[in-house]
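Down below is the structure, laid out as structure tokens.
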Amino acid sequence: MPTFFPQPIDASLVPRFAGLPTFMRLPAVTNFEDVDIGLVGVPWDGGTTNRAGARHGPREIRNMSSLMRKVHHVSNIAPYDLVRVGDVGDAPVNPIDLLDSLAQIEGFYAKIHRAGCIPISAGGDHLVTLPIFRGIAKHRPVGMVHFDAHSDTNDTYFGNNPYTHGTPFRRAIEEGLLDPKRTVQIGIRGSVYSAEDLDFAKAVGIRVIHMEEFAALGVEATLREVRKTVSDGPTYVSFDVDALDPAFAPGTGTPEIGGLTTLEAQHLVRGLQGLNLVGADVVEVAPPFDVGGNTALVGATLMFELLCVVADAQARQRTIREESPAEVEQ
Amino acid sequence: MPTFFPQPIDASLVPRFAGLPTFMRLPAVTNFEDVDIGLVGVPWDGGTTNRAGARHGPREIRNMSSLMRKVHHVSNIAPYDLVRVGDVGDAPVNPIDLLDSLAQIEGFYAKIHRAGCIPISAGGDHLVTLPIFRGIAKHRPVGMVHFDAHSDTNDTYFGNNPYTHGTPFRRAIEEGLLDPKRTVQIGIRGSVYSAEDLDFAKAVGIRVIHMEEFAALGVEATLREVRKTVSDGPTYVSFDVDALDPAFAPGTGTPEIGGLTTLEAQHLVRGLQGLNLVGADVVEVAPPFDVGGNTALVGATLMFELLCVVADAQARQRTIREESPAEVEQ
Amino acid sequence: MPTFFPQPIDASLVPRFAGLPTFMRLPAVTNFEDVDIGLVGVPWDGGTTNRAGARHGPREIRNMSSLMRKVHHVSNIAPYDLVRVGDVGDAPVNPIDLLDSLAQIEGFYAKIHRAGCIPISAGGDHLVTLPIFRGIAKHRPVGMVHFDAHSDTNDTYFGNNPYTHGTPFRRAIEEGLLDPKRTVQIGIRGSVYSAEDLDFAKAVGIRVIHMEEFAALGVEATLREVRKTVSDGPTYVSFDVDALDPAFAPGTGTPEIGGLTTLEAQHLVRGLQGLNLVGADVVEVAPPFDVGGNTALVGATLMFELLCVVADAQARQRTIREESPAEVEQ
Amino acid sequence: MPTFFPQPIDASLVPRFAGLPTFMRLPAVTNFEDVDIGLVGVPWDGGTTNRAGARHGPREIRNMSSLMRKVHHVSNIAPYDLVRVGDVGDAPVNPIDLLDSLAQIEGFYAKIHRAGCIPISAGGDHLVTLPIFRGIAKHRPVGMVHFDAHSDTNDTYFGNNPYTHGTPFRRAIEEGLLDPKRTVQIGIRGSVYSAEDLDFAKAVGIRVIHMEEFAALGVEATLREVRKTVSDGPTYVSFDVDALDPAFAPGTGTPEIGGLTTLEAQHLVRGLQGLNLVGADVVEVAPPFDVGGNTALVGATLMFELLCVVADAQARQRTIREESPAEVEQ
Amino acid sequence: MPTFFPQPIDASLVPRFAGLPTFMRLPAVTNFEDVDIGLVGVPWDGGTTNRAGARHGPREIRNMSSLMRKVHHVSNIAPYDLVRVGDVGDAPVNPIDLLDSLAQIEGFYAKIHRAGCIPISAGGDHLVTLPIFRGIAKHRPVGMVHFDAHSDTNDTYFGNNPYTHGTPFRRAIEEGLLDPKRTVQIGIRGSVYSAEDLDFAKAVGIRVIHMEEFAALGVEATLREVRKTVSDGPTYVSFDVDALDPAFAPGTGTPEIGGLTTLEAQHLVRGLQGLNLVGADVVEVAPPFDVGGNTALVGATLMFELLCVVADAQARQRTIREESPAEVEQ
Amino acid sequence: MPTFFPQPIDASLVPRFAGLPTFMRLPAVTNFEDVDIGLVGVPWDGGTTNRAGARHGPREIRNMSSLMRKVHHVSNIAPYDLVRVGDVGDAPVNPIDLLDSLAQIEGFYAKIHRAGCIPISAGGDHLVTLPIFRGIAKHRPVGMVHFDAHSDTNDTYFGNNPYTHGTPFRRAIEEGLLDPKRTVQIGIRGSVYSAEDLDFAKAVGIRVIHMEEFAALGVEATLREVRKTVSDGPTYVSFDVDALDPAFAPGTGTPEIGGLTTLEAQHLVRGLQGLNLVGADVVEVAPPFDVGGNTALVGATLMFELLCVVADAQARQRTIREESPAEVEQ
């Protein structure tokens, strides 16, 4: 067990508006080995088909994350006491070269992964989850709990372009990085290009929970579906803020009305406690459209919620590792 | 059955931010006979008693409607395959002359109506529904499903002015355009001028469902009330965005907190499928107060929701007409 | 019973955007004896630890209160017919001197109290409730229905500073102004500094209803808890707008996602009818962060909701007083 | 000479954000006889042909006028020591009836005029200057110094409507209220409907100083033209904020780039000292388009600048009146 | 000479907020042969190295161009009477593929050029000028009057990427599309990467007029430099809105303070009358950063200013062509 | 001469929106001895009498400073090659205790000063310059070039409070920290509390250049006055952004129209090259009022401009020190 646990700056001593805005006011860490969980930014939106701006997401999420404190008020998880957490900086990106960006992001995450560090990321558009998967899931596919208004399993755009923020999960499945049978999507809604839009998702076995099904099921039943789907295998959580209703998260590129409330989202994320979580992200926070900054606050809070359940999972993994290391699969 | 069905521009080929922002990216149509449903703008807010701005509604709703796609994800209604739909432009208006505007709008809708075209309109303030009724309902009164925070059945303002956005439905009832017994109002709330404010509505037989009654009934029971009230006669749907809570639709002139969520509104509109719908509107979207543009997105999405149920109704009418034309009443 | 009841300007005669924006368009009153209930502003945010701005709250709440009308649409309470209500102006404050401000505010409220006038106040940050209590509760502690995301019972900040907007209720309890056993807090949530954050509140007997407990209980059961806690003793209502989700009230200094909706808040406030209410406030509306002005509208509407239940309580007190004055305790 | 001079609230004692926002924090006055100069709001924009919103101008100008102090830093004019100034409230208006509004505004100004009070007004759109003239200039035409991007001497709009904010000065000339030969327009610019647009202005003898001529002449030479044109007859100053470049005054309905800077405008207004000024207004401040509130600040500051030169003129008139009353013409 | 000249919708008949927002409210034209000057949008910002958003430029410039009228108030040029002008739509683009976009834009402009139509374009980021040049200047290099804060003659970014909005003119010179000796840059300023940043520009002979030199020279002397540099050869005008100070044009991706005023810019553009103009563009209007919309208004007005001088040039070319066609070089 | 010079991150390699926003993207430095010039934030606005928000200034100025590059385009000063510059973090502050803040800030600057490091600071409100002076000027008074709309030499506010952002320079003179005879104020303007407002400034010998005098003198003559006043003694530069017109710097608490343009300000700051500069600050950037972020950009650019002239002064001091150390006075 590590002996040094980085701690956020205390807002009752140093006001929240002071100092450099690292994630959660944690120390900036340059050596991935020094932390169990690395908070990462991916300032890139080159896969965006409509309104760009998510490239500015990490900065504003960091900025608003100064409002976070240290202990979860419901689960009592105190992540900074359980595991070592730090701000490991931004993945390198190229704002004018999609393929170069995918390669650079993948390389950054491969290094994080090799260091035994779990990434919790702030996007960027949703395409960034693909190179994250390439960096951390090449040795075995992961399952996924996917919050989104859109399935993001389209095939191509604008004449055969395979890489946009509407296609990452079809690519990830094709590449064997994502196990569709251990994937559940929550909050899907909005008009579609054609009645066949979700045929791929269904064909490969993704459990799609439309917004309307969620509204009918409620939080608890939905969580049962989630647990049934992802089971105890390694699982990634990807939270596109457009899963939320734009009243709660206006600053995003492809808003769809009729979405989740923040309270529902928080209940759902809290319900992931106990899963075998190997990474998470919050994507599609687009500050230029985030009048008032609430979406960045939502993004920062969801990162804290995710951090709590991932830290809890990590702490339990460590216990298992310390007791019987052979059983651990990440 | 028509042989040519206009289609929206496909956003997976031409990005959403490109091109002229017609409603739903449909072709602009100048001949009303060419379409079964005409999407119309009424850029006029001369009946507004407080914060004007709805005159800019049609432009911004058109702008945000580029985010809409082609098929409804719940009902699977594909409106552009069922009926011919087009953007038939804006009704002529006079920003400095109320009576002239009422006359011009009425004339425009009368032409649309004579062409056998069903109008789905974007206002404009709520007074525009009165000249729409004059244009399409002179031969028989219509019933109405009316979403609103306000009953809009006041008598006069500012010393005997009979025409404001607070009076259209009293006028419509007086003129025999609207059947109060086949009218239901949903979402009514907010402090009132006096305890007698709703006496007229009740006296003429309008079924008023206050926000609080809706919250108690829920969507399904409310829809049963709606169906019971409007039955199978010709029915118009008028959606004032202030029916929604201002968190969901801030860009409006007379916001009242404690309103509908967008998801509730969508469920209610979807539940109108099967009614004999002869027209619809979305009014009171006021872009100068719509910080972030979400209200225009809400307006565009509600227009699409309304389009789906009206197109479905039209398609069924066409089937009936083709089989037994004498029975059709519009 | 008084013979003259001040009335708001009628918006169907004088448009809402005209004239000086007093609270509810009521007359400005300089003699506290002339009214039974005084609407007061406290334009001060010197206790704010993060984002200031609530000093501008009274002006913007007054501005948006022009949208209010005269009669409550659910309870039918017509406050201006029951009691004499007026805008009694702003408490004197000192933007650069915390202790001087506390003293001046206390003095202002002591005068209001001595005049037999009940204050309903618009803050200002939450520290202002402390000098209000000092002004009106020195002779006996009050109970409190407290809506907030935060318990505001911390001890000190920034090295032993006892007075911030995070500490008022610990001070009030220590000073014997607030009876913790007759205090209930609703909506508490968000990450905390440490697991011990609420130990004081629990130790002194405050009934803390976290947001999650409220969500599980629902409005009616929560109100039962409220009534059980405060019983029929003199009770103050303090509404921090951050009790609401920032989607509904973005303009505040310490937003926490996952909060109340306005409709829930309204139901809760309406449910206070029948309590022995001796004052109320709406605090932490911070216009510089209130993009679009919705939070000020929420603040104005909550003031009207509070006015209705307080006026009702006052009217009943008057009846009792007139019948058996000895029993009245304020 | 009067013995009581109303004074603004002192911001070094009561902070600027406190209290009711009367113009310049002056007392609200209900008896026009009590003041020599009345600051008036005209919250009406019914003559607007494009973007409405100036109806909200008086409120926001009052709000920002709290930033004004008491003495002019260049001229050393201390208006509140020279004459009695007060906020005399808003003219009555009817937001849905143009002709009724013109009549009500005229009546209000006629009363002000009969009381011997000079009005300095905050609009409202530019059509409000017409009923002001009808109220104060029926007995003799006034000259005018007119700052504007537009000549506002068009004939009709939207099919023979004679009254819009593009027509007031043609009407005023036709009605004998405005002497075109004693009228100078400064800042005129922007594309025109046709090459004949200014033919009327030229035909009746208005001295039109286009923005480009002003840029070539500079402030001093322009002021010489002004003085030459209006001479020592009774002169009104009408300042449409769109005379300013929209960088300086974005919150207006018909912005034209390439306009005056505020410093130029201030120099020009200060240069009117010594003229025989009988009234002034600042119009077309449209808060819904005034992101950040700077235009309202500009409006408030220009009102103060105008107040200084008008107060100076009034004080000199009084001296003359006291010495040789027969010579005074207003 | 053509017999039909398209005309904008008249705002004194149809209000500016009505109807589809084509450029200048001109007819949408699909056949390039039908117009002498085509107003084009290029909704693409894939070359942006920092803050994207110019992809939304064409829509908002079209929207604000409804404020334009028909005749220039200084030059009296009436462009719609001189030549046939229309809105020819948007160039096809691919938001996620830079090279594909360059190819598609080039193809669109090549078609425009072959039709004998002169394009005046609204970007898009500044890289779009490169494919425009490829479309219209392959047969002979053009000279350029270039307004910008940046020289845009860098070599590569992000590791050898040759195409960004900081490199178009180095590429254009290398490709023989732009004659550097006939190129003048006005408004260049702001901190630079290194003292060598402008070495290329100087080496190839571009006449660089830094903001400071412009301030010293003034408009007229600058225009003499312009005319001396570009002489009477075919000349393109490229106006990056960041040439303007961000007070005048905040909505752009790389603002630099200390820039041109709009009035200076207008004077400079007007001074281009008489040059042999073969195309023009206004680029880098980025609506997501354009709080209040003023930058789009600036963009629309500059397009009108450019239209006037280009139309004048075209009309004179036509006269020459009709008299002695052999001499015409475009 | 130092051997290691910290350099900003290169925006042509790492995009500007990536990474932690230190000032100018320089390394964060914790040891003051490691740099010759320290860029410092003072996130505190407890001296603000009206609109607070400058506490958020350092964060937003840091954020926008990512737009700065390395070499000055006019002076060719390359500050990072001349001296060692770093981001030394924020001074400790206490948002609810004025005197504690003054003490903590003073202590922080005293340490910086003892380390031989020159501070260039981002405020915070203007009161912060007082503790800066206490930290760096106790051993000898400094002269000052002071850009501001206000003289900030008032005596007391709100009843004998000696410390507000309107009083720092009277206090500094009284304490012998500031030499009034070597102090020049530029840009002073706006209405004043009384005609005696500037009596103190004049009495102690401050050279006050009102905005109007600046406009008459022009940049060069003003700079001659500056040099004459401050001569070659140690001189501090304090730039309150409200010296600028609010069109250029809207995000500030006490805006006054009719101010400097950014280009004028830049010319003035550049003209300070050659003075004996011992520190500088940019204050009163208030992000909550900075719609669009332009004021923060202005603040960042002015810091870069100041850095260039201070670095140049430092480099020259070093040369002198290395040649004849006895002569140096700081």
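Chains here go by letter, A, B, C, D, E and F, matching the order in which they are written, and residues are numbered from 1 within each.
Heads up, the rule we're going with is that contacts are C-beta pairs under 8 Å (C-beta built on N, C-alpha and C of every residue); 3 or more make two chains touch, one makes a residue touch a chain.
No experiment lies behind these values; they were computed from the predicted model shown.
For subunit C, the chain whose average C-alpha position is most distant is E. The distance from the centre of subunit A to the centre of subunit E, each centre being the mean of the chain's C-alpha atoms, comes to 42 Å.
Centroids built from CA atoms put subunit D at 57 Å from subunit A.
Among all residues of subunit A, those that touch two or more other chains are 15, 17, 49-51, 55-56, 95, 157-159, 245, 247, 289, 291-292.
Interchain contacts (touch definition given at top) occur between A-B, A-C, A-E, A-F, B-C, B-D, B-E, C-D, C-F, D-E, D-F, E-F. Of all residues in subunit B, those touching subunit D in their complex are 45-53, 55-56, 94-98, 100, 157-159, 161, 163-164, 288-289.
Residue ranges on subunit E touching subunit B, taken from their complex, read 14-15, 17-22, 28, 41, 43, 55-56, 58-59, 62-63, 87, 89-90, 92-93, 95.
Against subunit B, the residues of subunit C that register as touching in their complex are 10-13, 15-17, 67-74, 76, 78, 245, 247-248, 261-263, 266-267, 291-292, 294, 297-298, 301, 304. Those residues of subunit D whose C-beta lies close enough to touch subunit E in the complex are 49-51, 154, 156-159, 166, 188-195, 197, 210-212, 215, 245-247, 250-251, 254-259, 289, 291-292.
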